[in-house]
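To keep things simple, chains are lettered A, B and C as they appear, and every chain counts its residues starting from 1.
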Amino acid sequence: MIKIANVSKHYGSFQVLTDCSTSVSKGEVIVVCGPSGSGKSTLIKCVNGLEPFQSGEITVDGTSVGDPKTNLSKLRARVGMVFQNFELFPHMSITENLAIAQVKVLGRKQDEAIDKGLKLLDRVGLKAQAHKFPGQLSGGQQQRVAIARALAMDPICMLFDEPTSALDPEMVNEVLDVMTELAKEGMTMMCVTHEMGFAKRVANRVIFMDQGRIVEDDSKEEFFANPRSERAQQFLAKILHH
Amino acid sequence: MYEFDWSSIPGALPFLWDGMKVTLVITFQAVLIGIVWGTLLAMMRLSPIKALSWFAAGYVNLFRAVPLVMVLLWFFLIVPEFVGQLFNIPRGTDMRLSSAMAGFALFESAYYSEIIRAGIQSVPKGQISAASALGMNYGQAMRLVVLPQAFRNMVPLLLTQGIILFQDTSLVYVSALADFFGAAYKVGDRDGRLVEMLLFAGVVYFVICFSASQLVKRLQKKYSTA
Amino acid sequence: MNYQWNWGVFLQPSASGDDTYLGWMFAGFKMTIGLSLSAWVIALLLGALVGVLRTVPNKVLAGFATAYVEMFRNVPLLVQLFIWYFVLPELLPTSIGDAYKQTNPVMQQFLASMVCLGLFTSARVAEQVRAGINSLPRGQKNAGLALGFTLPQTYRFVMLPMAFRLVVPPLTSEFLNIFKNSAVCSTIGLLELAAQGRQLVDYTAQPFESFIAVTLSYIIINVTVMTLMHKFERRISVPGYIGGK
């Protein structure tokens, strides 16, 4: 589904990503973790072309992301993305947030789009909030709406960029529950997150990044039982103590 | 098509420079008075004494509601007469420059006071509490703790306002004063070369203001990283 | 100070005979309003366009927009006005320039004033629009793009509606400025409020009454515009965000 081959990226002389390669097959759930500044958010943003990269190749469902001939908007419409800061559109009601891209990008009819949006809203348990505005919801609720908004586009895979790190601790689980359910239904997912509990429960593989390199790319059993690199051991020791 | 003739510019340069000196004098005195009087107004506005804060609010809102041209006309046509009678100044004394300068300074103070008020309010309230906890009174806390921080934050804005003021001085044209623009207009009118002189004046203003604003930008970058 | 107050002067027939001095003032008032509003339309349209261009990734477009803003910001309004009024007609091809100079002089004054004020203010509006767009969280643009919107769609549906709301308060102050700046146009002979005030001083010999009345008119305009804009701000506020509940 997603193939990342020898991707490197730099801002001026600063190397953000160095020779990253991995792949995600259909139905797989991959967790990407690592210390801050390790390039994990940049890597996931390269997958749908939000961040350009200088060398290497990324293909999603056979389409090359870096190819200037690729229609990136079309590709992004098929790849769902969830952001750290939710990024709902504050000037639109929840219903409008769910419908707008379906109508303007996919060309669906307004009622059809609203129907679909409301169904997904129900699925994330927020049907009662449909008429409200994003600023009136809690962070956890906003993030669940953001997931529903991405799902409304019928994505072939989902990218999560630290979806719980801007949330108050008591709201983390409501979001993780939605993600867990999604994983169980067979959605292809690539998740940048520090939630190791989530990784243990649902991930197929864990990727550990440090200083722009993919240091480990293992099955979760292998990763948690005996991480090979010293950096990953330190990282796990720190994070599991919290 | 129009045929340009720039030949009257070189001969007029000394006269234009005299005009520029008038422009600079008005600018600098207005900036100076504006900052001092503006600071006082801002402190009055924020003071707990109702009468002071109402006076400052009234002053600032009045001057900000009225066009500068109108203020300059007041100070050109009406104030000199009034002041002349009040202090028995002989009729016919040329008070145009001093009157225009006063009008300018009073007008710009209102704008400076708003910048300074925002600057003072940008200093966290905890700073005053901390100063009081150390035993300082309100005046000391303002002078030693709040104002130094406020001015540091405000430097770029105060300078930018100075550039705007420099441009605004051209409006003393309505008081028939020969500032830089007035001088350029006079020369152009005299020699029948208004087109060239106006374009020349435009370029001079642009070069000065653009360079100054680039300098402010650089300063701002230095400040914000420091 | 022995000044003879005479507020009745406004009801006296004016020097032109067919009107009162109050009528003169009202004519000036209408001219100030008409000029400012028409210039404001130009300023909003061009300012929004240039402000957006300053934020686009295309270097040529963004560079053009920056040059536009710098040009209008760094030359005094009075100088710009004189260039529009005295210089531009001379630089037109002779036949067009001569035809223009044959048109109604009031029309020429009004056109020059409107274009001048409009473009001058558009540069300021552009700066506010740019600041509004840049103050949006960066993620909003990414979120729009990630949903499959093209860049123009992202501007249209995601960034501009929100930036527009952020920009209304600073635009209010630009809107107020345009009424105040319109007084500069008295210098080319356009009979707006300030110019009528000067005429009243000359004709009535009652300088205090004349100037107080004109100054009050500006204050009334100022207060009215502020009140209207506050209402407007409340109407467009977003629930849960700036100004909303």
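Operating definition for what follows: contacts are C-beta pairs under 8 Å (C-beta built on N, C-alpha and C of every residue); 3 or more make two chains touch, one makes a residue touch a chain.
Being a predicted model, the structure only gives us computed values, none of them experimental.
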Touch-based graph of the chains, sorted into line, ring, star, complete or other: line
Farthest chain relative to chain B (centres taken as mean CA coordinates): A
Distance between the centres, which are taken as Cα means, of chain C and chain A, whole angstrom: 47
Between chain B and chain C, centroid-to-centroid distance (C-alpha), Å: 21
Approximate Å spacing (C-alpha centroids) for the pair chain A, chain B: 54
Residue list for chain C, restricted to those that touch at least two other chains: none
Residues of chain A touching chain C in the complex: 45, 48, 50, 72-74, 76-81, 83-85, 87-91, 100-101, 104-106, 132-137, 149-150, 153
List of chain C residues in touch with chain B within their complex: 1, 70-71, 73-80, 82-83, 86-87, 90-91, 93-94, 179-184, 186-187, 194, 197-198, 201, 207-208, 211, 214-215, 218-219, 222-223
Chain C contact footprint on chain B (complex, rising order): 1-2, 62, 64-70, 73-74, 77-78, 81-82, 85-86, 167-168, 170-171, 173-174, 181, 185, 194-195, 198-199, 201-202, 205-206, 209-210, 213
Parts of chain C lying in touch with chain A, wherever the complex brings them together: 137, 139-140, 142-143, 145-150, 153, 157-158, 161-162, 165, 238-241, 244
